[in-house]
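Just so it is clear, A, B and C label the chains in written order, and each chain counts residues from 1 on its own.
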Amino acid sequence: MKNHSETSKTVYYFGTCLADMVYPQAGMCGIKLLQREGIRVIYPQSQTCCGQPAYNSGFPSEAKEVALTQVRIFSGSSAPVIVPSGSCAGMMKYHYPALFRDDPEYFEVKKFSDRIYELTQYLNSVLHARYEDKGPPIRLTWHSSCHAMREMECTEDSKALIRQLENVEMVEVENEHECCGFGGTFSVKQPEISAAMVHDKAENLRATGTEKFLTGDCGCMMNINGHLEKQRSPMKGQHIAEFILERING
Amino acid sequence: MGKPNSRENIFSRLNKAVRTVPAWYPDPSPWEPARLTPKERISQFKELMTAGRSEVYPVKGDEWVAQLKKILHERRINTLTYGPETEIGKVLATEWETNDGSTRLIPWNNTIETFRDELFKIDAGITSTMGGIADGAALILWPTPEEPRLLSLVPPVHFALVRADKIFASFTEAIKKLDWAKKAPTNSLLISGPSRTADIEMILQFGVHGPTDLIVLVVE
Amino acid sequence: MDNQSKFNFKHNVEKGLADSELRSNLKFATNTLRAKRKALFADPEETHALRETGRNIKARVLSRLPKLLGKLEKNCIRNGIRVHWAETTDEANQLVLEIMDKHGAAKMVKGKSMVSEEMHLNSFLEKKGKTPLETDLGEFIIQLNNEPPSHIIVPAVHKNRRQIARIFADKIPGATYTEDVDTLLKTARKILREHYRTAHIGLSGVNFAVAETGTLCLVENEGNGRMCTTVPPVHVALMGLEKVVEKLEDVPPLYRLLCGSATGQRITTYFNMITGPRKKGERDGPTEVHLIILDNGRSKILADGQLQETLRCIRCGTCLNHCPVYTRIGGHAYQSTYPGPIGTILMPQLEGLDKKGALVTASSLCNACEEVCPVMIPIPELIRRLRNEHWDMDKKGVLKGRGSKKSILEALVWKTWKFTCTIPWINRIQLKLMGLSGGFLPEIGPLKAWTSVRTKPVFSKKSLKDLAKKEGIRHG
């Protein structure tokens, strides 16, 4: 968990491309959790993708054009930019400045990167959001994305939010620190290795004896859920924002 | 030997390449493990050496000879080699003159070429040390002409004498205090226990090539 | 699998993944090593500071590399060590052979040396009628079985006790099958001690070579390294030119980082510092010490402002233990001297992207390697760089074999993607079309790979943009 102090009455929201294409509900729930704290949320309609797919695949020029497009869409304000994904947030916060290291746009990009927060990080460490659980008792487990853990370092924030829900029992999963095998294009460039990884991850999740896992990243969720579904497992993952909103609304 | 130009070619490439490396880099911050009082050093040394499967016996002054004899007798060690010209060598020789035990004392007088075959059959060797380090822990050995390197390696049992007041807090401290960079001999060593391996299924095993037992006599 | 035969990564990966015994052996060993490392480096702040120190020491070395190598050479010669330079592995092999021939030596006992693996020294010497004998227990085991190591630190990590017992019984004359580790060890001990006694040449690697003193430092647990460098009359040490450090005070933190990262030990059994051959009056130690300093592409790596970070590596192998890819496919799948994450970035640089480029796909960029690297090499960043050079569509690459994966189709995919992500109306149309396609996309190409173990992703009819608009979320 990192230390954050500044709060802002207004925040911007970067929903991520996966939320746009596959999980719009999860993205929307993030907005609602922010609004619930009395925050005005601005969601620029022309936003697209953080650029990570191209960046990780070895196409930094294309990634940079996409990155700069996002930077400019969110320019003209110093308000925080909230991202419901540790991976996309890490890309924007740490890799954007690295990508533009030697370019005249560096300071423009850096200014944007300094505004980036992962959603649960902002809710927990900046807004100190408080939740009252209205749902029935449930046991579940947690999957952290690699970049939430190792770049944004927001895993503890996410868990702190879940721990506020008093009817929720969170079971630790073995090998929590290990990648689920998504890795963006890795899952299709090295499908066999990726398959072995997601298989082991699903095994570990199932071994918790629960039927639900929460995560802050739609990429991991699509990967793991896809595998669980293919195996006809009753277990299923849900985005943390969606889950919290369900619980506090009863 | 080798191609005559290799050295020049390598250096010419390196000299060109090194210009791409940032000239300034933050100086490495000095790394110093926890400071310890003399008493803490000794107790940590004992604790960590024991944890590394060495046997540690604290002894007072000359009592080490009696302790040594006791262990030699108990373990039925038949042969013990040593450097006859060293301090401890002289003590051993005198002791064995008057009170010959069941263990045969074999002085290392010659070069390895003439002694090698015999050395590989000897049960135990004894050496002095330059001291120990508490952070680890380990013995510091600076082999000398009188006390050759292989005394601490070839015989299956290695006895080592450490003066308690020569136990340094760390390797870093020992490097400074002993003026290691200037004074170290041809071969200097840290030894933290008996020879070991975990190459088979991560199972810790002792005595794979060198000593199976390291017996440390800490002289207080 | 021989490291010199043709490299087919896909085939190797499939073979590695299919071997359930290998997977369980690796899982057990790497879990153990990870837990031990974690226990030793328990304080995150202290560990971070130590890693920074390690990074800075090695970075400073690189910034003064030619100067320090000159100093090392001068001081080694002063100490009586004969220094040789090799631009290529062929030259290094030749140097070893010449030293052996000069002494009429047939048998060589070898301590663990990754550079000797890089040189394929054993097969070279065998072809010349020499007998190189591995003495590190792990190396000894796999040499018996005629295999290359599958791990930098634990060469036989892919083998379990039963497999090792089988190798001993099959390959050692007179040995009977036993799974008793103690007995296996005693068998090896007996054979190896006899070889130390009778070998003409001892060979070792070098973990740190101290420029200011001309000292070669060797880190080990077994004592075979000490045997190889002390018993035979001639000692040959091999080092990659990046192994030099400036001064003795640099050694303790690097040493702690090395053994802590490699095996979770505070200290290894032996830290062996060699400053020269036997001096007049000394009764043991080799009468000749040779140091062969190998370049083999390292000076070229130094020439690149980003890739040069690779040269900080101290070969601890912890990135292997923490890598979800390595622990599943095993070291042999990389068919390379250096497997795992470090191999993924180093091998394409040493051998070219045309030969080893496929390795750069073997990462989900999960950052586990970077998180534990004792000298903070940004391995994921370097993998991205190498992926870029593998395509080299913008022709800015510098490595051998750059652009060997050049693909108009791949480039087109990313160009198209870029348009959908930079031009809002195209993005809207794309989202609409995806939503309409529902789950009915044809299973070809990437989607086929995806659905081999997963269900198809179902694209939402309404995008987040649609929902936000409907909910009246402000957009400016």
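List of remarks:
In this section, contacts are C-beta pairs under 8 Å (C-beta built on N, C-alpha and C of every residue); 3 or more make two chains touch, one makes a residue touch a chain.
These numbers were taken from a predicted model, which means no experiment stands behind them.
A linear topology is adopted by the chain contact network, the touching chains following one after another without closure. Each chain gets a centre from the mean of its Cα atoms; the one farthest from the centre of chain A is B. Rounded to a whole number, the gap between the C-alpha centres of chain B and chain C is 30 angstrom. Look at where the CA atoms of chain A average out and do the same for chain B: the two points lie 54 Å apart. Among the residues of chain C, none is in touch with two or more other chains.
Residue ranges of chain C in contact with chain B, taken from their complex: 28-29, 32-33, 49-50, 52-54, 56-57, 59-60, 62-66, 69-70, 84-87, 91, 94-95, 98-99, 135-138, 141, 154-156, 160-161, 164, 181-182, 184-185, 188-189, 192-193, 196-197, 210, 212-213, 215, 221-224, 226-227, 230-231, 233, 241, 247-253, 255-256, 263, 266-279, 281-285, 293, 295, 299-300, 302-305, 308. Interface of chain C with chain A (complex): residues 13-14, 17, 324-325, 328-329, 360-368, 370-371, 381, 384, 386-391, 393-394, 411, 414-415, 417-418, 420-422, 424, 427, 431, 434, 445-447, 449-460, 462-469, 471, 473-476. Those residues of chain A that touch chain C in the shared complex are 13, 15, 17, 19-25, 27-28, 31, 40-46, 48-49, 51, 53-62, 65-66, 69, 98, 146-147, 150-151, 177-179, 181-200, 222-223, 226-227, 229-230. Taken in their complex, chain B has these residues touching chain C: 1-3, 6-7, 9-11, 13-18, 20-31, 48, 52, 108, 110-113, 115-117, 120, 135-138, 144-145, 148-150, 153-154, 170-172, 175-176, 180-181, 184-203, 205, 207-211.
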